[in-house]
Each structure stands twice: as C-alpha cells, then as structure tokens.
C-alpha cells in the first residue's frame, strides 16, 4: 500500500535493473515474449516491471507498474497489447522507500521521432549535472530516474537522426549504462564504453533480441550470438538490418560483481560462464586456505557453486548446511519483537543432520554489512556445528558502488571500517578468509584492468571526486 | 481494469476539470482540506483526482490516481501527506477510453524552481503547435495533456522569475485555462484573458484559497472574496502577500455553458448565482412560450430550477415528473440487449402519479445528441402523459466546443444538422422551443459580448480555423 | 481496507437491504438484469452487493463483495455468469464497522435441494433464539446475519418439499422479512405476515420478477403487477407456474418509515405512491401549522416533496435552500479538525440568493439524533436566513426499530429524551412542529392499525420484551 | 481476477495444505508468529492463506484471502489482529480453477463452544457421504471443502465436551487429516490414526506450537519436541496443560511422498530428516544402477540432494546441470505459441558449461505425467549433453492419491499406462531406472507397512472402492 505512495527523494540513485528488446519482421504477440524475457531477468529487479511496444509508425503502447513481472502482467494485460514487431521491457530493483510508479521504466515519451521509449540499466554519475544543465535550458523532468535524463538527452541531440542523437548523448553520459531504445521503427541497444553493465545479442529464427543476460535469451528458446562490445551502439531497423557504431573513449572495465553475485549462474557474460567463475573462485579458495574441517557448505543460492569448487579441490565433502525459503520475495513485514533477533531463520534454516558436531567451512559470495553473516554463524552453532570457518569468494567489500549496485555507504560496509580479523570477530566465526583480487580476476577470465573492482579496492574507473558522488569518496 | 491500460490517443483533448489551491502561514493537514475542496468539485471531473503539496522548500509530495475523490484517497493516503502550508488539487472529467494515470493531474515536475506542480482546467487550442515547437527544440513530453505543455512553457520562460515565466507562457497560450501553480514557495492562480473558465478567490481565517467554483470555498467553511479577472495572474508568496498582474489582450468571453449546465447550482460565477441564472431562464421561457398544459417539470438535476422559474411566471403548477437514480456514477456497464432500448430507465424513472393524463411541459437545460430526449419523452408518454411539450433553457447547441467541454463534433450534435422542427419530430415531443440567445445572456447577467456562446452560434472568440481544430469548423 | 477485515460482532443486527429475483422460461443474461435491478435498489443498501444464479439443476454460480453495485460488478464479472433462467440479488446497508464479506448476501449453500440461495431484507427478532437452538442441535453458523439462520431453518424443514420448508420456517420466524429463495429450479418470494417490509411482483414479457420496490421493476422496463400480501409465499416453478400460500397469523403492520424516508419517491408501496404520501404530508403540515414566513424549503432529497406540498396549500413560495453534493457515497474520511464543526457543509451548501434576509420554513422528513438539524439551521442562518422554522413531515422519532432500520438506541434519539420544545432549542430553530401520527397515517393511505409506527409511538407489533431486544424497551 | 470468481465444483477435493497453531499463557502479537510460521509452510500451499485468533472467551478474529502469505497479509492487516494467547493458521495448495475465498481456511464458525475455528490438511474420503448424511439431517454447507464438514461433525458431537466432539468426529472420518482446532479457550491438534499427514509439536519458551512441518517451528526460533502419534488428539488448555488421547484403530501408514517431494528438505518427519532420506535414495540408486557416465546432476530443487548421494557412492562427479528461475510462483500466464513447445525453459535453464559433451546422469524425484521430463531431456541434449540417463529417486508413480496430494488420475499418470521401457522412450532418455520400493522405504527409515505407498503400488491403506473415489480404482 504505502509503496504506492510517492516519496519524492530528490535525486535518488537508480539501482540494478534488467532490460530486454526484441525486433522482428513480422507482427506477433511481442508482449508475451518480452514478458517471459523479463521473467528470466526478475532477479535483477523486483520493484517494478514494464513493457512498451511500437504498434504503428511512431505509436507506442505500454504498461508498467510496481510489482513482480507476474504480478504486474496477467493474461488480460498482455492481451491488450497490440501485435507488433518491436518492443522493449524493463525490471527494476527494489530499494526500501523508493517504490514509485513514475520511476518505473521503460520511459515512454513524445519526442522528435514521435513516440519513443527507453529502458536503462546502470547509473549515470553526471546525471544530476546534466539534469541541472537541461533544467537551466528550460527542460522539465517528472521523475527522479536517470533514464528520463538519458531520454531527454537522446532526443535533444537526435535532430538529424536517432543514431546521431544516441551517440552524442552517450558521449556525454558518464557512468554505467546498458540501454534499449525504441523509436523511428528502430531498436537500438547501447553498452557503455566501459562495458560496466552486461548486454548481449540473440537471434530467434531471424528476430533480433537484446537482453541484460543470456539467461533471458535462453528462456525464449533463442540463440545467444555475442555480448555487445564496450561503447557499442547497435541500430536495428525494421528490415532487421543491423549496424554498429562506437562511442569514443572505449575502455573496458566490466563490473566484476556481476560474476560474484548479481548475475544468474546460468548466464554467460563477456565469454565467461558465471557458474564457472564462481566454481573457480571456490577452487582457488581451496588452494589458498587449507582448513582442517569436516565439511564445506555454501550460503544459498550464489555461494553454493563456490563451495562445490572448494570441495573438489580440497577433498572436504560438500554438504548442504542451509535451506532457503523459496518464497522470499519483494515485500515483507517486520518480524515481531520476539523474532527480530533471529530474523534470518525466516529466510534460512539449518540442515541439522549435516552439521551436527561438524567442523564446518561456510562459503559466502561477499559480506556487506556483516549482520546476516553473524546470524548465520550463530544459527549453525545453535544447530550443533562445532566450528564455523568462513570463506568469502571475493575480496573485502569496502567501497560504495556508484554504478548502479545498491550497496551501503562506506560507514555501513563492515569492510569499510574493520579489518579481516575484526570482521571475523564481529561475525563470530572461528576463522575468516577472503579471496584475493588477483584470484577473483583470474576466475572471471580477465585481467584486473578489464574490470571495475572499485567496491573491493576503491579503484573507480572514473574520477569519482569530480562528480557529486565525490563526497562519499572523501570520507574514505 | 482496462481503463488502467494506456491508450495512446495521440493528441487527445483535455476535458472539463476542477482545480483548487490553498496557501497558509501555518503548516497544517493541507491534504485534508484539498480533499474536501475537490469533493465539492467532483461534478467537474470524475475520471481522476490528485493532490500535490509543497512540504519543504522545493519539495513536493503528491498522489494521483484514476477514480472519484473518495476512491482515490482514504485516511491512510491522506495521512501520508506531510503537514504543509501549500497545496493544489485537481479532478478530471471522464471520457471513454482516455483513462490513463499519466494523464492525471496535478503535473509535478523538476524545473528551474525545484519541484513544481501545475493543475489546469481548460483547453489550449494551440497546444499541439507549442508542443511540436518545443519538441523541435529538444523537449520531450510524457503525456498527452495540455497541462504538461503549460508546465514546460512556464518553466522555459521562468529563468528570471516564476512570475515572468507564468506571464510569458500565458501570453503564448491560446484557449481556455484556469491554472493553479505551486513553485518557489508560492501559489499562483491564473485565469485566461477571456476568463473562459471560472476561478475564484477565497479566504479562510487568513489562508488564501483558489477554486474553480465558489461551492468548494463554501464547503471548506471559508469566505468567497471575488472571481479572478480576465487575464489575471495572482501570485501569493509564503507570507500570504498577494500580487496581481495581467496577461495582455484581456477580452472577457466567459463560457456561458457553465451557467447552463456545467457549474453546480449553488456556485456563483462572476457575480451571478448559477441558480438564479437557471431560474431566470425558466421565467423567460414562460414569458416567451405560453403553452396550454397542466403541469411543468424539469429534467433532473440542472433543469429543475428552470422549471420552477417557468412555473412561477406561467402559473402552470410545478411537479416532479422524473426521479433520478442518485448512484449514477463514473463507471457503468452496457445494459444487456433486452434493456438497451430503454437504457434511460436505469437513470430516470417517471413519477407516474404526477403525470398520468397530464399535458406536460418538460424543461431541459440543453439537447446535445437528442437520443436521451427521445427516450425521456417516450418514458413520460408510457407513463400516461397526454402531451409532452419540451422547452430548452438555452439555444440550440449546434457547434462543437474547443475550450474544454466534451461535446460531440458537429455531425453528432442534433442541432448541427436539424432545425427546431426536425428536432421536435426526432425526439417525439408535441412541441419544442429553445430559449433565444439574448434571453440566456440576460439571465446570466451580462452582455452577449461578455460570453463565449460558440456552442450555440459558432461565434468562437478565437479564429478557430487558424488552428488545427479548424478542420471541424470547415465542415459547418 | 480495514472494512474488509472481519470484526466479529457477536450477534449483530441485519440492516435495511434490497432484494430482487427473476425467473424466465429462457436462458438469458440474467446477471445483467439483476445488476440493473440492484442498481435501482442501491439506496436500500450501499455496503455490499451480490448476485446468485442457478445455472443447471441444483448448481449455483454467485459473486458478492463489499461495495456499491457498480464497484462490485464490472463487464468481466457479469460476463463470467452463465446464461440462465433464474437468479436473485441483494444489496446491503452500510453500518460503520460491520463491513464483512461473509455477511454479504445472497447466502448460497448446499442443502436438501442441492445448491440453494437466499436473500433477505428485514430483521428476525427471535433470530438469536433460533440460532442458539439450532446450535444446540448441532448446527454451525459462519456469519452473523439472520439470512444464514433463515437458510438453515428453511433447509431443516424442507425434507418433503421446498414449499413446506419455507412455510414451516416462516411460521417460526418472528420479525420482519422479505425473502427471495432459489432452489430446486424454483424461485420463491415471501413477505412476512405483518408485511413489514415491501415486496412486489412484476412481469417482463412473461418473465416473473420480485423486488423490494417498484422502482427496480420500472428500471428493468417491466410491468408492476402487485404487492405481495401479508404472509404470502409465492412459488414460481421452471414453467413459470405461480402458486401462492400463506403463513398463518397474518396481520398487516407495514413499516410506515418506508414512506417517510426509506423508499425511493418514485416507488409505490401497497398501492400508495411514496411521492404522493410525502407530498400529502407537506400539505397537512400546511393545514396544521400556519407560519408567517417568506419561503418554504425542504432538506434534500426526501423532504423536498413535502415542502412542495406545503407550498401548494399555504401559498408560501417554495424555494431551494440547500444544494446537496451528489457524490456523497459509501465511504468517507473524517474531516480534519478545522472542518469537523462544519462537516455538514461537505454534504450541503446553502443557496444563499434564495434565503438571504428571508424568514424560512424548512421541512425535513424526520429528526433522529438532532445534530445534523442543528448544523443545517446554523448553515442557513450563516447564509442570511432571518428566521428558520422547522417542520417535520412525521411524528417525533422516539423509539428504536427492531425490524431492520438502523436507528439509534433510545438514548441517542433526541426524541427519546427531549420534548418538542427542548428539541427546538437544541437545534436552534425559531419554531419546530411535527406532523401528528393520524396525519401521517392518512397521508400513507391507511389506518393506524395497518402500519408499524413503533419508532414514533413505541407501539411494537410484537411484544418486544419477550425477546432479547427487550432490554432496550425496558429503558424507555 | 477470474480466480476470485466462484466456480461451483460440486464436490472438489481438498489438496495439500499446511497448518499451524500456537497457544501461550500471555497475550501477544500472535498473528505475527502465525504469519512467519505459515511463511515457512508456504511450499505446502500457495493458493490461499488465513489466520484466526481467539481474542476473548468465545470470540474469534480472522482474515483469509487468496494469495501467498505475504500477499494476503501486510503490516496493517496483522496490526488489526488483537493481542491474544491462541491462534491457528492455514495455507492452501493451488489447483487451477478452484481458487475461491469461501474455500480458504481456517473455517471459522459459531457452534456449541461459541466461536470456533478449524484448519485442516488432508483429504477425507468419506466426506461426501458424511456431508450427504448431515444434509439429510438438515445441516447446510457453504463451501466445498472437507474442513467445513469436519467442523460441523466436531460441533455436532461436542455436546458434552469439545474433546469428546473431536474424538467422536475423528472416529467417523476416513482418510487423511492433520487438524488444529481452536475453541473453548483450548487449542486441539489431531493426527489421523494412520498418521498419513505430518504434524509436530514444538515449544517456544513455554508456548506450545503445532505445525505441519518442523521447518515452521525452526523458523519461529522454537524447539521441536516430537511428532504427534498416529491417532493422537492433543488438547492444550489455557493454562497450557496438555492432554493426549487416541482415536481408535491406530495403524501407522504415513505418506511416503512427503519424503519424496512434498516436505521441505530441512524438515524432520517422524524422526527422519527429509534431507537424509533423499540423500539416502541417491546413494541407493548408485548402489543399484552403475552407469558409465561423466557427471551426475539433479532436477532442482528436491532431487539435487539425491544426486549428491549418488555422487558420493558412485564417484561420478556431481554437477549442476539446470538452473531454476527462483520466481516461479503461484500465478502464471500461458506462454505464447512460439514458446509453448519449450515452456520448460521458462522454469529451467541448462548450465551449458557443465554438460557440454558430457554423458549425464540426471536424477529426479518422480515422474508424474512425463511431459516435463521429456522437455528437460531435450533441453539437456540441445545444450550438448551426449547422453542423458535418467534415475528416479522413487518407484513408478502409477496410482492416484486419494489422501490430499493433487496427482493426476491414472490415465494421466505415465506410469499408469506405460512400463519403464516405454516411459524411457517417451521421455527420450538413454536409459531410465526407478528406485525400488524396498529401498525407498529403507531410506525413509521405516518398514513398508509403516507407510502409505499407494501412489506407487496401489496398496491403499483404506479399501478405496468402498467410497465414491472407487470409480477411479476400478479403472486400474
């Protein structure tokens, strides 16, 4: 209920999202395919979902609302969409208090090319500056999302052609962005020059698809062709002619946290299977940290893969230590006083038979605030684990992300103010080790300079202090 | 359900609406007062309702949704609004198929003065031209309502001051508009230079109010001060200092149809009680048309007053001939086949005892398409009326309105293609007479040149054929 | 929202309601007709609405929900009903705090005749006793409404035939009831032996209809045949054969308050037009109370008719003094503190031009608590009325109703503890007069002994103190 | 939408459900604890959820609705519940077309002990017979669920005491039932004499809890005490005095399918960890079926455990072959034509890197219709699996369940009309083997005669053909 009310957080940041776009030569039930594609991307955003289709030259039909994909759309809602040959879709991440349908995407607007629509994943760090500049020039904005600014900028510069508008706009944008744009009977996909956010290209019997992750292309029974390159702008016209051009200043710095946590394990990003990267992290942990323990387990869902990798190399038997409630979803009430201390039990339960009297290695993908880790360690001890050795399949998270991942500010990140030993004590583990950066980078199949690793080492690919997010950095 | 889906009618017209604005020196439950004010204006728009309040310098909290005022807001929704000293509200007219929350008002946006909000009643006939021009300059628009264009224009021109922006914008707007604008800790109210739409000023123990009709000011237990003058811009700052300036080209041409049908009978517009005007029309009908009948009645609700006036002058006893279902509301299903022919019975029932074997004079405020009149005449005859003489308390409606009243196009208006005699035959009355223009004008307390009477005589106060609505005019 | 939650008021009373039933030889869109019939009865109950149809032998499809008829049903909901030849419908009165969908009607159940359904208007004063007895016999009940008890009783006794069951059940019921029952391919209508509640029979091209008021039959373009007689049970079988039988102990005592306030003015009850009765009351007031005043007005809606009658006889000119907001509906928030004292202004506004400097006679149908009357008198004075003389078109309401009209208990009824003079002072009128009982009775076309006049004179047609409602009576 | 409409399936079966009950000496936020308990049982029923609390002697407050636990309840809904010392809750399984709020539980009713409430998991096979008998005795029923019949029966027989009523009622019930009953300031829990359905007892700092599975007790930070015994009736009074009695004819035949699929893997039923049972099944499969393959995988979620057991014994490396979309929920639209053939891809995606060019063993918990298995095998082959050998961690499902598990009728069960070889061919696997019954029984820690294994071998613990479900059996 309250989430429908409109908090007017002045310049709120846009969080992790998922996007999709499809163009076909034939008119078809496009909204259905977009629906299933978004459903595969649901893990990237549970706050709102939206679909927009171009149904005749320069006309767009759309529907967007707060909620999960299958809450927002039903048979009737989808049936109301016209058959069409082009459409885009979006899912948005849920952050407490910012639920607001005006911030839902795609952004649909009247512009130089009639009705246009934009869907965006990422975060533009000079967005406020651009917005302020455009406001000074007399523009108005009706939401607090970057996407509206991107839309305005694209339109502003597309006097001669949509392609030129997209390119000029992107040359100005600083930050992370994967975009799908629908206008002028074309579908345009853009990946920022650092390729911070994933975006891939697929083919379904001739139809062309773009999606944040390959799992969406797989789920539509289509074939993954390739990832977009850093700074690549792909324009597909109504005849499905595809043309690529590039934003200047290309310099790959892909988000390494996609492999650590964000992406689905069955997706492949820039040539590397997420599953394999996580498995490899586990193997490396085993090579580095030989712990005298009886069993190894992972925190579901993402760290289970790493725990298996650990087991393979170390020979420590893999077991399931924790069972996760499969219905943990978007909205949730506060537990009553009597449960608050043990709130993790609502989400996770111990598989007691597997851990009783065992010396346990527990692998997690990362530690953000540390409170959940502390509760998990306690839960395992309460269920008989003799020892709990924690291994983290990534380095210490110590710096905030300015590119679209909703992490805490530095003072909330336990790694921002405590060292490993202190964290170990805080979470109550018998020992704690993190995977070094070089290992993570290797597991993700690249070189350090290919990735944005800022959340771990503060090495932001953009001089953050030049922008208004700099104030956080100065606190480091 | 379907009304929530988004039909993309390219350039749909904005219909009759109601607006309200309040500013106080003290922070208070502003949303509650706006709620009750809008409730008093509900007859001006049943499609959507919205309230926006400024809660700290340059911040706005708002909520708007499809539905009646008491459907859109409940205690929880109102309680979520912060206490504040300024707010505006809007109700929008329901037209089939155009229900869309993005078209709900107030329009709230980020602009030169931080968060701003605009609510509008009227229709801007050069809106498409302005919109196209702004799009060419690189602006984007996210809805199909005039109000967004007005908002963009005000912002565009308010580089130096909000007041200048409002004035320059209004100088460009052609058409009908009553506006309330909230920005920069100020409340601004505007009435167009022709004063086509009503807008009045009230005082509630020092608080300043603006509302479309005096009935809203009455309902808030406040005192009506005066109507805004043609072209008047009233700016009220946070200290409740009020300052008036004027748009150039002032030339009063107030909508005479407000008196005929649109306004509530307990409102007073430009110094004339709507009730009195309607009563006077009835009296004049009696002076002009002496009909040998037993009783006189009015079609509820608006024409009952006129029927009483007729009765007073003619001596023909007034009776109630028709009872109206008080729950006729916003949404309504189509009657089943067996009822379609007699659908008027869902809305109106005959008071049989009053009309049986009677020669009846029936007064209505106007005839638009003629179909309802035909069914009413038949209903009365079916219930025993020996004769039904129809009197209309206004001239023949023969021309479409381009200033915000949702009337049919000329070919749908029965007065657009039939003469009085033909209409009489079409509706099945024994006789039919319309009130001449000079009488209506006199009843409304003015001179012909003070009013827009275009729907009756095609005398548009603006050269319609210069604008894209001209195509209709050419068909005349 | 909160109204959907379930308050478990142990033995709450059932309030005023409206019922309808239709049976046809042909299968048709029955739900549509029931919908429009209920819509005409909306004034009898705004809390919940429900429709049940028998769609094959012994099967019933139904839908019921909290809300107004056009909120509960939409095209989709109606389309989901199967075409059928028999159905019943119900609207329920809104009382604060008792909104609960389990208390909505019709009551649909599995019983001796397969699926059965009952809709009820009235109040059974020995309901608790019957319920307790049945519970002792092992029955269970899932709601707090009389209708479930009636349904259980009918079923209990219908071992041999539905008709016998209805008759035996009714012989036990003490109180007011109009029923429509659908079971065994039959439609049964029942009016209690005192004919306390109205119920009439109509014909629509061969189809047979029952409805609480004739206005529902009119709205369906059908013909009113007659009222059911006191204690009449009409059974209509699938061949539309109609058979009447009678409950013993017939003794007409019809509710006189239907004429005063409850019924729609265009309905006819037991041969008397409600409109005429109200008009006659006004005329009698004029004969009795000659007041030196300038104008006479009525409180909308029901007392306007009486004011006209007064005007005709007295020669005092009728004027409209008050305008009523047409959107006053089911749900409503509490006004903010600043408005609470003047809350009547939300509902009513003065037509200032008609009352300024006038000595005014104001007619209302009745005074229940007195608070609204006080506010109305004040409103009129605030708007310039020099004098306000109140006339009530019925006697002093001084006793609670136990037969289904939601009135206050005796200590809340201003007539229960103050005399005329005291009430006059309390409401701030210049004078106050009530219509004597003999006049009211005469206006309603009957003799005193034909009516239940208990709310006025405490002459309950049933020895109330024998039942558990007796405790109120003892307080008199 | 349509699910809210009421399909009148005459005697529909009740499906798998989850129940919970809590009683405390102190009044507390009972609804919150019930909420979280139900949330832990969500996997047992996604159609509707309900909570009822006893808030003063003989009064009950409840709320129930279609939807998932966190859709049905929010902070406001829970806050509306009074603090209390006793409450019960229920979640119901989703079956297409039977969504109907009148069928939601708990069933709350007025009976011999005031307000009473019952929640039920299971299926009463002589329910129709009892219902018919009670209807003949004059009872009525308002829903199509067994629970209402159970409630009526308990009430009928509880003339002397609630305990006696429960016992006598249970003596008559034939079938599976786990019950929690709230009445007369007591909380009663019942497990049927065959202990077909699980029900366990927990303690939370003195408060007493009953729940379908131990995972609910764990999630509430309480301690699992024990399972109820076959036929055990536990009555807990307001002083938390507990008293057990037994239904006659005790004969344990617990549902073995709880271990195979229904229960959460972190639950413990009748002393056996579900996780361990599944792991053991995998180990036994390895002992029985030595397959020359490269890797072994499980179909998520339930069969992954078995695949690990297989890996441990066989030495075939465990890998993840399939990734499951975590947002598969209650409602889902039909895929568009182009996706229908590959609809499994919406739910599952192949982890290509793990299976490419691999000879794969895939373990599933069971095969019901076979269509999903066929699609999974194809999906794996499409992603490069060279061979797919299917192992099922239970015997062939060949017989319908009459005790509350929503399985297909025999002609829909692929095991009902095809032998192993034919099924292997139908699903397109390279080989297919099922776990023999004796192994499954052993893995579940009991003897064959302790379990109901009817879905596998048709050995129903009750002579099914005596009841109206017999018609299915005869078709075998």
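The first chain written gets the first letter, and so on, giving A, B, C and D; residue counts start at 1 in each chain.
What we mean here is this: a contact is a pair of C-beta atoms (placed from the backbone, for glycine too) under 8 Å apart; a residue touches a chain by one contact, two chains touch by 3 or more.
Here the structure is a predicted model, which is why all the values come from computation and not from measurement.
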item: A-D or A-B, whichever has more C-beta pairs in contact; value: A-D
item: Rounded Å distance between subunit A and subunit B, as computed from the means of their C-alpha atoms; value: 48
item: Where subunit A and subunit D are represented by their mean Cα positions, the distance between them in whole Å; value: 35
item: Overlap residues in subunit B, where contacts from two or more other chains coincide; value: 1, 76
item: Pairs of chains in contact (touch as defined earlier), listed by label; value: A-B, A-D, B-C, C-D
item: Residue numbers on subunit A that touch subunit D, as the complex places them; value: 1, 28-29, 32-33, 35-36, 39-40, 42-43, 68-70, 73-76, 78, 204, 215, 218-221, 264-266, 268, 273, 275-276, 301, 305, 308, 312, 317-318, 320, 323, 325-327, 329, 331-339, 341-342, 345-346, 349-354
item: Contact set on subunit C toward subunit D in their complex; value: 1-2, 5-8, 10, 59-63, 76-77, 80, 101, 107-112, 115-116, 131, 135-136, 138-142, 144, 151-152, 155-157, 159
